[in-house]
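Each of the two complexes below includes subunit A, the first together with subunit B, the second together with subunit C.
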Partner chain A sequence: MKKILAILLAGMMTATVFAGCGGGGNTESGGSGSDTQSSSDDGGAEVKDANLVDVSVFGDEDNISLKVWAPDKAVSLVKEQIEAFKAAYPEKTFTKIEVVAQGEGDAGTQLMNDASTAADVFSFASDQLNKLVDAKVIAPVAFAKAVTDMNSEACVTAGTLQDTLYAYPETNDNGYYLVYDKTVVSDEQAGKLEDVLAACKEAGKKFIFNCGNGFYGCTFAFTAGVKIDGLEEDGVTQKFTDYDEAEAVKTLQAFSKLMHEYKGTFTSLDNAQVASGFSTGTLGAGVDGSWNTNADQDALKDNFGAAKLPTINVDGTDKQLISLFGYKYIGVNAASQFPAAAQVLAYYLAGETCQQQRAEKLGWGPSNKNVQGMDVVTKSAVQQAIKQQSENACVQVNIAPTFWDPMGNLGNKLVADDTDPDDAAYFSKLLKDTVANVRDEG
Partner chain B sequence: MIKSYKFRRRIANFFIYLLLAILGIIWVSPFVYLVMHSFRAESMTTVPYLIPHEWTFDNYIKLFTSAGSSSINFPRWFINTFVVAIFSCIISTISVLAVSYTFSRLRFGARKKLMNVAMILGMFPGFMTMIAIYYLLKAMGLNQNLIALVICYSSGAGLGFQISKGFFDTIPRALDEAATIDGATRNQIFWKIILPMSKPIVVYTVLTSFIGPWCDFILAKIIMGDKRELYTVAIGLQSMVSAEFINEYYKQFLAGSVMVAIPITTLFLIMQRYYVEGVTAGGVKG
Partner chain C sequence: MTFVEYKMLNPFQRFAYNFKKVLKSIPKSVGRFFVGIGKAIVKFFTGIGKGFKNYGTTFAKGDWATKLSYLIFGVGDLHKGKYYKGILFFITEVLYILYITLFGWQYISKFGTLGTVQTSMQKVNGIPKQVFGDNSMLILLYSVLTIVITVVVFAIYIANIKDAYKHQVMRENGEKPTSLRHDVKEFLDGKYHITLLSFPVLMIAVFNILPLIFMILIAFTNYDKQHMPPGTLFTWVGMDNFGSLFNLVEGAKKGKTFIELTGWTLLWAVLATFTNYILGMIVALMINKKGIKFKGLWRTLFVIAIAVPQFVSLLLMNQMLQVNGAINVLLTDISHLFGGTETIEIQFLNSTTFMARATVVIVNIWVGIPYTILSMSGILMNIPEDLYESARIDGATPVKTFTAITLPYMIFVTTPQLITTFVGNINNFNVIYLLTGGGPTTQDYYQAGRTDILVTWLFKLSMDTQDYGLAAAIGILVFIVCATISLIVYNNSKSMKDEEAFS
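The block that comes next holds the complex of A and B.
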């Protein structure tokens, strides 16, 4: 018996040793393709216009073969765009430019698994930028000045780490906003959370806000004035702006009071339920992400309404709900075999023409300032709602991994049945705990 | 007195069966939900009620016909998995049985030690060496390739010899000796004497090694990366419920999950007959 135990223990110990190695090996492999830096420097003269660069940027790269990752819905459009790209550089031979479907949320992980088989040019969501830069798998933008000038400032700032722009802004729409059934909630009512809830209750329908998910739940903290402000110098601890605690507690109480007042109407459900609720007619309004817009629109048809998040009344003043807002970028793989060509292609795909095409055909909100002024954006209710919400938001970049769970917990506690909205001391403690847990001090 | 004993037994049985029934319902409910909602017509994603309002075959039809319009290609994934499962099933069944026979019947120097080594190696979880396996396969130019999956699923199979070795040990050695006297070689004994008597364990080995590829997720995901046309059903189904696709593919995902159960269930039903036959007939005859 003792012998078996000894063998077992030894086996387990060896296993943990190996497990440690596995983890270490992984991060190392992420960093392996690191030193290849883009050959072309940032020079204004190389950039011809908002889409193309001078052909000299390619250097001696020819017979170019590249792989591009785009989300499934965009694949056919990106293929067309690549044909146009090839035609725009007739001097060069492109052996093969392959477009492979790869979701933006997963692109960073896939790239870090093995950069050498990953795409040369890839779309990804802004929250992965830190990871990619740390692992040195993403090459800095070669035409930083031109890209900075063309795109909205917030996108560029969020894509810049240690004074280097690491990715080409692709969209300015990765956030959530208010969607509503126009037969239940009128456009005027959509401005105030109280009115939205009252209208839903009157019609006997529900309102969905995914409180328990930190991505949405952080809205309560942000609106209360507890906003994020990058990371501390250690690179892992979340920094918060200074906030007025009394004011913050009052705001949280106001949220909780509303949730309890409209119990049965205000529900904290998963976002998949929003489109589903609209189609079964049980839902009056909800907070949903821009990526679900098509599904919501399909469910409501002509009655689809969209607006920025509403305000909430705290002690007589209407406070705008502050959300978390991200961007999508196009990055260049630092291990690319054709670094210059990859940069040129990324510049093209993030350029004005391509952004306009995506706005028109896919409904993606552009980051390019010129495209933002075009009819496709200014005349679309959804695009306007997204754009207005982006002005009332914290940017989803530099977020500690410990951020999400405490924020989801905060949302859950606000909506919980046994929470007493009048107990100020409880909310004060809840807020302190949330901040401490996010900062991992709890 | 007897009456009351009977009565008490009935009461006890009633509660026992009630408990079992409740447990059974709990256990089977996810499957019932899965099957029912794979036939649901209304709504794209989840719904807050249990029984669908409208029924349709559309989800299954779409699952097999809409391939190519996006990177979701279930028929292709199904065939991939089926092919991988068949090859790894053949290879691993043969290797498991051969290893078991060797350890059960042959006597050689390092027999005990090898068995212990195999035992210890078997204790490590398979995904521990995943990264190393990936880079080895890549060095051989086999990453993003179905052959790589067959190799992964079948090459370590021999380590799982314990159960079938245990079974072979119960077959009397007198049979081997009789065959040897008649001039049979070790190889002939294995194929002509031992195997025909070991149907239950052969069936068991076939089943377990066939199911493996249908269920494995992590290794297949690492090896295939972004090569969607070579995905197996496990990764494919997971990608259908990723944030990007869930709104459109949720019901097809349910239909796909039901489809995956079909080959495994069929194989089990066919094999079960032999399995029972094998067990009841027993191995020990003159």
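The block that comes next holds the complex of A and C.
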């Protein structure tokens, strides 16, 4: 009896070894890599309209089983859309189309971990595109011409690498803008950062800008003229546009001066604090992302104001703040068992009808030109603010993984207590170091 | 120096003498450590040599069946009537050959290059489809698996030869091989340890040792953001990753980051370990003091802090230390009480290096001492009361009692615990990552902040920038540091040298 017990215990001990050992191997085996074709030779396969394609595109694929990744908030809507999709192709049998919740932020990473068990069709944010293309886990868009015609130029350009369109544009709204309490900041004041801060200080309220996060912190570099310009040949080193160093340093100093002048008003905090700051009444204005719009609106109700980012005065000229602006795309897993069906489904989910439904039900800004003209977009202050900001933005695509940390550091240093805003040499070195760190030099 | 001479020294001289003695003993023990390693290596190779010798002599002495066992597993056993074992040996060989031809060979044959065929794209009537080439990661992974399996099969092969020869000798002596029934019984009796441990050992090999070998090998490849399978291949680069960590040329950020973070990691580990140890001991002593009322209550209060999961307290602390957090609000309110008008906004975690590091150490004290108090209270209650009694009778002062009885006893019992805490603190991911996230950020380091320790840097390198090769190299170096420190300290501790001291 004792021995049996001992065996059981030993078994249990090994069970704990198992715990936490998830994951598994990628199982597709190698094949020969001949017959490489340039995939940008033609406009891709034929389509029927803005949502559907001819059933012949499926080829001999039938008894189709697919997996879709969508963000948590969108899962139920995507499920409805998939029912409609099935009904639109009565000739085909769909054994199973499964929708699994998966955040867009790390869908790419999840896909790269194990492409064989990942979704066939997945939503992701534009900054992961170059990683996915480099790893060759994403299939190019099969209906490139139709998709290019239907969607706004900017997001098609951003989805195009090496002359190939790699993903179906899904939204045109992944950015941040100025939100303010109308009782504190007036619509006119919202145009200038100085006015916004002055108004907040007068009312004894705070202004939040998440400087320490590279996603927001890069605004300072961009506004200073140090803009990103894709990647170098090696596919991982960030390229920057040429910039005037003296001008850039002056702009950074202007930011830093303003932050120090309004110390106590200007605070660098996590974005989660924006909505809670509005609801407790301690916040006058802040810079927040489109995904928090609903929370901000709930907190401010009728006093909710939204505008593009303000300007900052540098040596007498007002400079528009340049933000980072991204898109969301729908991609097709290159390892899909049903490549044609996956492409057709992605085309449908990124099509006009689905974009309209998402704009209405989820408040997502569409990339489809027709939907952009609809009331649901043109009558929304938030959508307009986002649209205006998108015209003053660097596109969040082709971003090196080393980008975020140094940009967050730049924001931190501008706002840090021990930084002297008048020390031009310091800012000059800071800028050089930041660029060098992003480019991973040294 | 004789005992009498020692007794005549004043306390400062005694301290200096003891200090010198400790310092002197360190080189000796380090030397011993390396001599030990050398001896182990020699033993290992002579063992191998002996194995080869036996291999030859057995072949020379063996009959035809034993000789055939060198090629076909189990023949010797089958010939001598040990059927079940012979069949098992034979099956092993068949399975191994099947495994290699059907699966293992395609990976192990590419082990030297980690693959040469790139992934490419193909179009089938307008629909793009990926044609996957070699996947360096899978090649590495399955090669490691194949190598491990080969080693195991080799061991079985040797066992097969030995067994064949053993049965040959038994037959020559007129003995009969034991039956299956007898052998199975043996596994529940004389060989019971094998029955018990085979499954755990197998699982540890599969889930711990295999991945470990895999990770160690990655440190010698250029697996990083530019070489991500399945899209691109990675390959062997020798010691390059280690080279860039020790590259101290002006402007080389990785080397600078590594050296400075190592310094801070060690400083952090020392501070975190000893502040917790000393303060925890003091609080435990206070609670344990005779005449203190409500001992149970005090202990419970401290233990309640443990009831909240550590990561929750740390995240809460992070929030409280923000510029608009509870601590700044509290300080502002207090200053208002005394007529201040300013809002206090101290950047605890985000401004200077010193402030952030000090904050981390202090928060760690707050999070950590309840554990020390718990273990210390237990140890304190275990010190034999008669020791104190005789000290009192001899007229010892409380301070003397502490330094002569309590402290040596505590150090004796807790040295192994101190070592584990120290190593744990070198790898204390939670406190740093959840509290500061590595901040304050700096432009002087590569992907690290001022409070980052090596493990959090490693985490950032692998999760944010996909520098897997570099991260694996750091992991190996951290292991070497931890292992060396632990072995030297433990081997020099009283608990190791003089196990019986206090029993």
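Everything that follows uses one rule, which is that the second predicted complex is superposed on the first by the 396 of 442 C-alpha atoms of A that agree within 3 Å, B and C clash if a C-alpha of one lies under 4 Å from a C-alpha of the other, contacts with A are read in each partner's own complex, and residues count from 1 in each chain.
Convention: a contact is a pair of C-beta atoms (placed from the backbone, for glycine too) under 8 Å apart; a residue touches a chain by one contact, two chains touch by 3 or more.
The structure presented is a predicted model; accordingly, all values stated were derived computationally and were not measured.
Undergrad: Output check: A:Gln337 vs subunit B and subunit C. Expected answer is one of first, second, both, neither. What do you get?
TA: Neither partner.
Undergrad: Once the shared chain is lined up, is A:Asp114 touching subunit B (first), subunit C (second), both, or neither of them?
TA: Only subunit B is touched by A:Asp114; subunit C is not.
Undergrad: With both structures fitted on chain A, tell me whether subunit B or subunit C touches more of subunit A's residues.
TA: So, of the two partners, C touches more residues of subunit A.
Undergrad: Output check: A:Pro406 vs subunit B and subunit C. Expected answer is one of first, second, both, neither. What do you get?
TA: A:Pro406 contacts subunit C only, not subunit B.
Undergrad: Just subunit B (first), just subunit C (second), both, or neither: which does A:Gln273 touch?
TA: both
Undergrad: Between subunit B (first) and subunit C (second), which, if any, makes contact with A:Asn292: first, second, both or neither?
TA: Only subunit B is touched by A:Asn292; subunit C is not.
Undergrad: A:Gly103 in the overlay: touching subunit B, subunit C, both, or neither? Say first, second, both or neither.
TA: first
Undergrad: Tell me which partner A:Asn213 touches in the superposition: subunit B (first), subunit C (second), both or neither.
TA: Touch status of A:Asn213: no partner.
Undergrad: Just to be sure I follow: which residues of subunit A are touched by subunit B in one complex and then by subunit C in the other one?
TA: 7, 11, 18, 25-26, 29, 273, 282
Undergrad: What residues on subunit A touch subunit C, complex-wise?
TA: Subunit A reaches subunit C through residues 3, 6-7, 10-11, 13-14, 17-18, 21, 25-26, 28-37, 39, 42, 44-45, 57, 59, 112, 115, 131, 133-137, 139-140, 142, 206, 212, 234-236, 263-264, 267-269, 273, 282, 334-335, 339-340, 343, 400-402, 404-406, 408-410, 412-413, 416-418, 430, 433-434, 437, 440, 442.
Undergrad: So in the complex, the part of subunit C that touches subunit A is made up of which residues?
TA: My answer: residues 106, 115, 117-135, 137-138, 141-142, 188, 192, 195-197, 199-200, 203-204, 207-208, 225-226, 228-232, 251-254, 322-324, 343, 345, 347, 350-352, 439-444, 446-447, 449, 460, 464-466.
Undergrad: Within their complex, state which residues of subunit B touch subunit A.
TA: Against subunit A, subunit B makes touches at 42-48, 70-72, 120, 123-125, 128-132, 134-135, 138, 143-144, 222, 225-228, 239, 242-248, 250.
Undergrad: Which bits of subunit A are touching subunit B when the two form their complex?
TA: Within the complex, subunit A touches subunit B at residues 7-8, 11, 15, 18-19, 22, 25-26, 29, 69, 71-73, 75, 100-106, 110, 113-114, 117-119, 270, 272-273, 275-276, 279-280, 282, 291-292, 294-295, 298-299.
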